[in-house]
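The following pair of complexes shares a single chain, chain A, combined with chain B in the former and chain C in the latter.
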Partner chain A sequence: MLDVAGVSLTVDGAEHFDHRFAAGEITVVLGANHAGKTDLCRLIAGLHTCARGEIRLDDSDLDGLKPQQRSVSLVYQAFVNYPNLTVAENIASPLRARRMTAAARRNRVNQLATMLQIADLLERYPHELSGGQQQRLAIARALAKDARALLLDEPLVNLDFKLREALEYELRDLLRSTDTVVIYTSSDPRDAFALGDQVLLLEGGRKVQAGTPIEVYRRPINFVAMELLAEPCINRFTRAGKTCALRPEHVTVGGDVDAANMIRFDMSVTACETNGDDSFIHGRVDECDWVVRSYGMQEVRAGSLLSLYARTADVVSF
Partner chain B sequence: MNRSSSRWVLATYVVYLLLPLYWLLSMAVSSNADIAGDFSVLPRSPTLANFAEIFSNPVWYQAFGNSLTYVAINSIISLTVAIPAAYAFSRYRFLGDKQLFFWLLTNRMAPPAVFLLPFFQLYSAIGLFDTPFAVALAHCLFTVPLSVWILEGFFSGVPRELDEMAKIDGHSFLYFFFRVFLPINRGAIGVTLFFCFMFSWVELLLARTLSGSTAKPIAVVMTRTVSASGMDWGVLAAAGVLTVLPGALVVWFVRKHLAKGFALGRVS
Partner chain C sequence: MSSFKPHNNRAWLGVLPVVLIVAFSAVIPLMTVVNYSVQDILDLNTRFFVGFEWYRETLNDPRFLAAFLRQVVFSLTVLMIEIPLGIAVAKSIPKTGRLTPFILILLALPLLIPWNVVATIWQIFARPDIGLLGVGVNALGISYNYTAEPLHAWLTLVAMDVWHWTSLVVLLTFAGLTSIPLPFYQAAELDGANRWQLFTLVELPRLRGVLIIAVLLRLMDSFMIYTEPFVLTGGGPGNATTFLSQHLATMAVGQFDLGPAAAFSVIYFLFILLFCWLFYTTVVKRDES
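After this line comes the complex of A and B, so read on.
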């Protein structure tokens, strides 16, 4: 269990941040850039010093401990490995620091390398590996430390899309089987659903909401929380004097017009993009920018008018 | 310009560059009589007698020894001082760091002659005059700032995350510095060594003034080779060849990193 209390994640120190991370669970910390995700990781790892507040790991105070003395390991967003050491020596680095014997070290290195599927690369140097392999190596080294808290700071951001998905599912199985506190930061809501036992939403150094991903998705406490879990963003509109919002996946193009529990919107399309699976139709509804996610490759010309439908049950307002 | 004409231009330029070197080599393997005789592109009767003279005459080989001694002392002092300094400049922010860093470079802007008299007076007073240390320490005034500048550029190119990762892995700073950081920067240290070496090896003014008869460097001996029989051209040329060699050797070892070194490490 990792207890963060009263620390500040912003430069001016105006905001307080408290959260309790449970052991044996993956907590996905979701937030935009500069929301304080990296700062949170660096504070826990001891790379930044807390101006105030305290961080406790399994009831021992981490304050005043050097990074070397904390049972915390960290994987960076950039692929950071020792360039002058081979893959095997890289993984063995934390073990060497703990003065483990050579034989035990070799066993552990082989075990970790097999787990992360880099066992046949042990004699290579990091610059001879692909990006995905380099990050696997960094993760293997972080796991080698056997720390009670494992921090992954947007580890898969610099990888291409396919590699990312493959590694994501692997990571989930790998990390769930341990009894450590796992903190995985990301700006992509998909990571929260794919990996997270818990999700923690951050904005401007403040905790917005925390809970299981489904819970937070179903019952966001405000628009910020809703926005953070929306892909790509939420659609706002005014209804009966109240600001309401709809997730892009809850808006459909066409549909059962006559049903009583449906609302109709008229959107003038400004752009349409597709990522292969889904199409994102951008447009304006009553002076608000909207994005609608629609399955498959759609071609909608800019300037055309679309009728959109949404179930009243999906409308969120506060 | 087409390929063949650009090749011609290049070839002409290379010949132009290498001609003096070739002439030096040609003189070094000729006798004085041949040198003073008729013009000839190839040495008439090649001989190694000039080199033999250098390796057998203590005035010559001791001069080489003296030069190498103070160059080595200078390089060692410069690196041991500059490596920690460059690391500090690249990793920490402290009060006046930028000013201090710039001030280091301004040392390079003063001509060595300015420091001639103070050094001479100081070293005479404390008994350092005419020792290799005198020249080595005097050269440090120029090589240390240069080394700090070059190394800082290279060190700043190493991501700071690496330092942090070593900490998180549980390594002490010294372990990280000597087992990870310095090995990564092998090339940078080689380049810096090259610049220290080159400065100290070819510098004449301070070396001549701060050495008497016992620590006389090669550059000085070469300017004093008028013997009773007149100028000994062949031996002088042979000494010149031997003076060029160490530099060429060092260049060979650091050639990959040299361009970056000339940009003070600030090219990535």
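After this line comes the complex of A and C, so read on.
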């Protein structure tokens, strides 16, 4: 268990941050750029210090401990490996600092390399590996330390889409089988659902909401929380003097007009894009910019008028 | 798109300016030297073709061989001092800080001074009668006179070259160091790497590129050194600090032995080329394997 209490993730130190990360669970820390995700990782790892607050790992205070004295390992967004060491030597690097015997080291290296599917690359150098393999190596190195807390700071951002998905599913099984505290930062809500046992929403160095992804998705405490778990963004409107919002996936084009539990909106379309699976129709409803997610490849011309429907039960307001 | 032709001979016109410039700046002068090197020139109208006679003679000339040996020893000495010293100085400069720009400017100063001014400064600085260094060293009880003692002349020359050129290595290395992203340091710190491991495993591999350039530049430049020893020691005492280019100048300008001097120049040129090629290919080959 990792207990972070009273620390500050902003430069001016104005905001307090408290959270308890449970062991054996993956906590996805979700936030936009500069929300404090990387700062949180660096604070826990001891790479920079905070004048205030305390960080306790399994009931021992980490304050004053150097990074290598903390049982924490970190995987970066960039592929960080030692360029002039082979894959095997790279994985062994944290073990070497701990004076493990050569035989035990070899065993551990083989075990980790097999786990991350780089066992046939042990004699290669990092620059001879693909991006995905380099990041597998970096993860193997981080796991080699056998730390009580494993921090992954947007580890898959620099990988291409297909590889990211494959590695994401592998990582989930790999990380769930350990009883360490796993913190995985991301700015993509999909990561929260794909990986997270828990999700922690961050904004401006402040904790917005935490809970299981489904909980947070179903019951956001405010629009910020709703926005952070929305893909691509939420649609706001005013109803009876109150600001309300709908997730893009809850709005449909066409539908049962007369049903009592449905609301109708008129949108003037400004643009339409598709990612192959879904189409995103951008437009304006009253004075607000909306995005509607519609299944399949849709072609809607800019300037046309669309009737949208949503269930009243899906409307969120505070 | 139908007007596109895969071959268009007019493109050669675009290369023409470069061909002309390179021809006048490098190829033609070089070929003139090659032309001289196979002739015995008594005066401009009396010439004999002598084939490779001058090359044979130069390569068997003990004065050439001695100057060559001195040159190699000098170049290796300054390289072995300037590269490690440059790296050490670069590492001790704070990467960010208010003083950093001033330190960099201060370091760049020796590079801005004309070479014979550098030599003149040191010539006066090291004089045993009036120079700060010369008088100071002698006052410590160490007898020092670079105009009389070959070893002292060498030490003075090496010290001057180190003073003059270490800054170049520092600036290149510093640029290389600042381009290493922070996560690489942090990851090593988390692994528990000590300072030496941090240097050999994180910094040195990423300084490879700039260090190759630094070694190549210093190798070529020190191999061609002329002005500084010419002004400082005049090649003396005796021939103790007569390096290749000064030997060549004596032959070509002093004695007007155009043929042998030309042969010498070609050999000299080929040696520098060979050195740099050997260094570069061994280093680059290791990169590719």
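As a working rule, the second predicted complex is superposed on the first by the 318 of 318 C-alpha atoms of A that agree within 3 Å, B and C clash if a C-alpha of one lies under 4 Å from a C-alpha of the other, contacts with A are read in each partner's own complex, and residues count from 1 in each chain.
We adopt the following convention: contacts are C-beta pairs under 8 Å (C-beta built on N, C-alpha and C of every residue); 3 or more make two chains touch, one makes a residue touch a chain.
The model shown is predicted, which means the values in this text are computed figures rather than measured ones.
S.K.: Could you classify chain B and chain C on chain A, in the superposed arrangement, as clash or fit?
M.R.: clash
S.K.: Answer with first, second, both or neither: which of chain B and chain C does A:S93 touch in the superposed model?
M.R.: After superposing on A, A:S93 lies in contact with both chain B and chain C.
S.K.: Answer with first, second, both or neither: which of chain B and chain C does A:Y82 touch in the superposed model?
M.R.: both
S.K.: Would you check which partner chain A:P67 touches, where first means chain B only, second means chain C only, and both and neither mean what they say?
M.R.: The answer is both, since A:P67 touches chain B and chain C.
S.K.: Check whether A:G283 is in contact with chain B, with chain C, with both or with neither, and answer first, second, both or neither.
M.R.: The answer is neither, since A:G283 touches no partner chain.
S.K.: Would you check which partner chain A:G205 touches, where first means chain B only, second means chain C only, and both and neither mean what they say?
M.R.: neither
S.K.: Between chain B (first) and chain C (second), which does A:P189 come into contact with in this model arrangement: first, second, both, or neither?
M.R.: neither
S.K.: Chain A residues touched by both chain B and chain C?
M.R.: 45, 47, 66-68, 72-74, 76, 78, 80, 82-85, 93-94, 97-98, 141, 145
S.K.: Where on chain A is chain C touching in the complex?
M.R.: Listed in rising order, the residues of chain A that touch chain C are 42, 45, 47, 66-68, 72-74, 76-78, 80, 82-85, 93-94, 97-98, 141, 145.
S.K.: Chain B touches which residues of chain A in the complex?
M.R.: 45-47, 66-68, 70, 72-74, 76, 78, 80, 82-85, 93-94, 97-98, 141, 145
S.K.: Spell out the residues on chain C that touch chain A in their complex, using ranges where they run on.
M.R.: 181, 183-184, 186-193, 201-202, 204-206
S.K.: Inside the complex, what are the residues of chain B that reach chain A?
M.R.: 159, 161-162, 164-172, 175, 180, 183-184
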